[in-house]
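Below is one structure, written out as structure tokens; the observations come after it.
Chain IDs A, B, C and D follow the sequence of writing; residue 1 opens each chain.
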């Protein structure tokens, strides 16, 4: 990248980088992976196929969104695994079993997610727990609750859900629409006053307080929202598999965390965003899709995924360092 | 020179041990067998696995990182060992070599984090993946009829020396050493400084990259060694042998009172954390709970315990009438793109 | 006539009694100076007024009605606006988001209207003649000086009833300080009570109608400024007299110590040559952000630079702070909170972290006893109370934090010392001590490069001042002709579009 | 590493009209799955099949979502058949229904799925569990204190085992008391830890009812200096060796790794137009370490351990026994992928 030496630049008043490098890089990487995947399996170049791929990605996307929220306020949420499982099993057991109004019951599941997130919030913002410990505890506890609801895979998911998930809106697969909705919701949140407060708290709690930010309340709300997102993730998996699983949540903890970091959200809070994590999460899905499409030796494909991960992040690090170099 | 050490670190370590003790007493009251020598020795052995896995983790976390490759390095420690040993290499040599290679793998982590500026979580995750790939390429299943684990590892993990199992002694020695390293050595100071604020550390003339490298290298070695003794104890190896220790290793560090964002904590705290987690998961089955109930209780007890022990620590602090302010770790360059 | 009345305010942190029943009366329409040594309790008092710190006892009334203490929102509602000593602006947010934080223009659904936000921010900046600042920049990427100015702009977003300037000028160059004080005056004319905290007596003399002096958490003097001369004020602050702020220099500069030729940092600074002599105090002047920071950082090995340098007669690499310190070149960086201090760590550890090798035994263990004594000695030298060695440095007052940073650099006993505003926020007494210290060091042959935002410091402490503009050296004021005017003239003359500001 | 790509690849030129079969597996962490995969490769590469079968092996992460995703990329390639060891009995159904619709033959084994369109070769968990508990009950003459393995909470296998064991114990052996449970997680380490922990706390143990590693139980008993007791577990060579040589009372359940090979045979049969029931329960053979222990009520086949036939004195501990079936002669080396 050539740094134009306009007189302004010489005068130490640098123009801010017009492009946000974080977003640029993440998008670029995603795009590349899409191209690779498409060229590897042409059959994928078809809206319904893509819809299916996105559908399998949905749970991760939502958990990643949840994780991002927690990380933005300088926290971390391991309990997404538990919340996910509880929501997933609730959907498969008593929403499915119940005769009556499934939409309403699904709403109840969301509320449960919100509540579980709020508990994290109280522990962290109220009782001053370290986020890692607080959510480690609740993760295990929620996981147990999920096992109580459903001892092992099974249950029946309401048709409403599966049909919605497999349906289309104006020809576009529902799964894609859902992603769009998620991103829209994030945009609304980000551009709200509350959105700014989230970043302020993550940026520097003390200064945020000096500016009259209700730090505790912000934290609490953020974790509640994280719970909500994780719950949606659980519901999505239930929809995609038309069954419940009490252990389905745990693998998403690490995946969501790496999605967040790959997306460029700093674990020290205040920088990044859900949009980035969603893109990164989808990149992860694509990586494993590519790995399995190339149909290599097991160990080769494991290695390949690991290397792809590294390549992505290194590329990002390099580009961003360049970009940084331009700001004083 | 206690006044040179930030008081709250000290306290959190103490209260972590207190928590462990309380749990142990409760368990003993419920089932007297719990305090039996056999059981205590068992617990020490189990705890030492966590303790070693969490050793490097502690250093890495203190320096502001995280090592997710620990479980795979443990698997490496076990499987590679059995590979070399069944291949005819003398046990002792094989163990030394495995630990050495573990350290080298750790260095790879360090290089990625320190020089390529790859976020620790991703770097260590990826390296873990590569190690996993390598182990898969070995074919996993050893075909020799011989015992897959050399006698040295087995006896280290299962034999006794005086009242305690050998591993426990090893662990004790290592803990003392690491404790000294952190609290008394220049290297320790550098680790804390880097974890507290990388930029300040750099401007203070600390070679941040080298500190990081060292931390990850030690982590690799410790994890590999944890794998060795675990394999020795189990008398067998398999790919997932390290999996239970991924979160356990980090949890031990944090329950021990360290900040996950780096800068403060102690290895003795981690030791307490490891013991606490082990005692807890060993005592809960005594209460004849369902698996589900057991998980719930486990989670709740961790929260309750940590909360009580920490507020206990705060109380002590107030008794000492120390001016306490929340030691909010300052911004790292990671987020502050202020000049240059 | 507006009136701010503070009575019997008490505050203690653990064992430390910070405020011991402070009283204060300030009138609207006036600028009221507030003086006191570091740690006297000034900031604490201000934090209480702005609701971010709770008082243990005491009352505050504004125009007779009591001010609810302990809640920032309450104070804000009452019209109290504060420029905090350790800034309150958020580095990750953009300038616009910072300026309008909490007052963002929202559409229905509470959705912030981005364009509107930035327009309002621009208007606000325009109102204060700061158009040059880009409202979309992440605030953290601005120079400390600009961040300081924005802090002021933010406080003046709406016309305040009480305006608190807590060392708002300590990081600023003459003309920016003038600007800030001008703003204070305007607010006063608009009827506000303006509280001005500064360690620059001259500013109080020039701008404040009245002055109150705090010591040890008590108000020990309150007079119209005209009725007390500097010596009385200083005596009140420190409980002793300071015969002269700027020491007389003993020896004169000797042979060359550090010779730098065509040094450049990126494409912004340099190429420039300079020579620092043994025992010389070399000042670096110029308007803010002309590359002085980069120059000092480069010499300290903190940023990559090109060019060549020789220290005495060996080549000097300066490739990393570590190498630099080992070679005897140490830096006191600009931003104490983000570059200088491990805030959560004890004072003693902060003092020694820069020179660990000195306390390391062959085995690699630290000689705790030697470290402790060295730390204590250093604390005495820079005037940090020993009863604070064990407490987190974040618990020290601003000025005392700055002393710790300086002490840390000195402990590495350098042969070249690079000082970036090393007396920022330090009280007169200690300033005098620090200057004496600098003089002593120089007399011992140490070479010192000193950048200061305070012209009088440059004029009175340095042997010679190099003036920078646009990353280059544009001139030199030799020891004979040293004066604030001379420096300012060179500085301003060389940056066309800022000439009028100084006028 | 042994090439997953087409067992037939070794034989270079195939007739080209080979059936494309994809083996979808989701886990390699323990010792059973890798052997299962290796057997599949062996059979696909064996003389009878190398010209009929082209085998791809896909191994996803151990989550339903991951296996679904992997399956989808498989479906896009439209192979002739998918043989699957599933991550979940139910979660994959929608995806597998898609596969069937796409005209792909779906054959599930080991952990089977409930999708109606899929062929199933399940093991009879209930029968295994029932035989095991009955054996132990007989050995203990209906009374004593035992430890019970709860397996891996959340997976169907464990749920069935535990349910059956509790039921049978309550109904037929009220004199037997479960004094402690442990979760073997089907890995040697956790089982050893779990049993050891319980031993330390229970001065008297008369039997161990486990669905996993007998070898770990033996080790635990030895370390605690306790007498050996009757125990049940999976048929791994390691445990069998010890039980046989040291004359311990052991009972071994669990499917052999070659069910994958059996699956291939049946798939080829169907693809060639033959008949195959949608659901064919694989009746496992269980093993007792001594002849004297044979007579008790059991539903599955039962044999005593015979060196070289159903256990291998100098074979690897990790071998799942027996290793060969039908006309094949599979050697330990083949199973262990050497």
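As a working rule, a contact is a pair of C-beta atoms (placed from the backbone, for glycine too) under 8 Å apart; a residue touches a chain by one contact, two chains touch by 3 or more.
The structure presented is a predicted model; accordingly, all values stated were derived computationally and were not measured.
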Winner on C-beta contact pairs when A-D is weighed against A-C
A-D
Could you state the distance in Å from the CA-based centre of chain A to that of chain D?
36
Rounded to the nearest Å, the gap separating the Cα centres of chain A and chain C is 42
For chain B and chain D, let me know how many angstrom lie between their CA-based centres, rounded off.
34
So, what's the distance in Å between the C-alpha centres of chain B and chain A?
28
Which positions in chain A touch two or more other chains at once?
147, 151, 203-204, 270-271, 297-300, 327-328
In chain B, residues with contacts to at least two other chains:
136-137, 291-292, 295, 328-329, 331, 335, 337, 339-340
Which residues does chain D have that touch at least 2 chains other than itself?
1-2, 28, 153
If you go through all the chains, which pairs of them touch?
A-B, A-C, A-D, B-C, B-D
Across the complex, what residues on chain A touch chain B?
74, 76, 78, 123, 127, 129-134, 136-148, 151, 203-206, 254, 257-258, 261-262, 266-271, 297-300, 302-303, 305-307, 309-310, 313-314, 317, 321, 324, 327-328
Chain A residues touching chain D - in the complex, by the definition given at the top:
41, 43-44, 49, 52-53, 56, 59-60, 147, 151-155, 162, 237, 240-243, 245-248, 251, 285, 288-289, 292-293, 295-301
Of all residues in chain B, which touch chain C in the complex?
1, 3-7, 180, 184-187, 189-190, 192-193, 196-197, 199-207, 263-264, 321-325, 327-331, 335-340
Going by the contact rule at the top, pick out the chain B residues touching chain A in the complex.
68, 112, 116-119, 121-123, 125-130, 132-137, 247, 250-251, 254-255, 259-261, 290-300, 302-303, 306-307, 328-329, 331-332, 334-335, 337, 339-340
Residue positions on chain B within touch of chain D in the complex are 31, 33-34, 36, 38-39, 42, 46, 136-145, 147-148, 158, 230, 233-236, 238-241, 243-244, 282, 285-286, 288, 291-292, 295
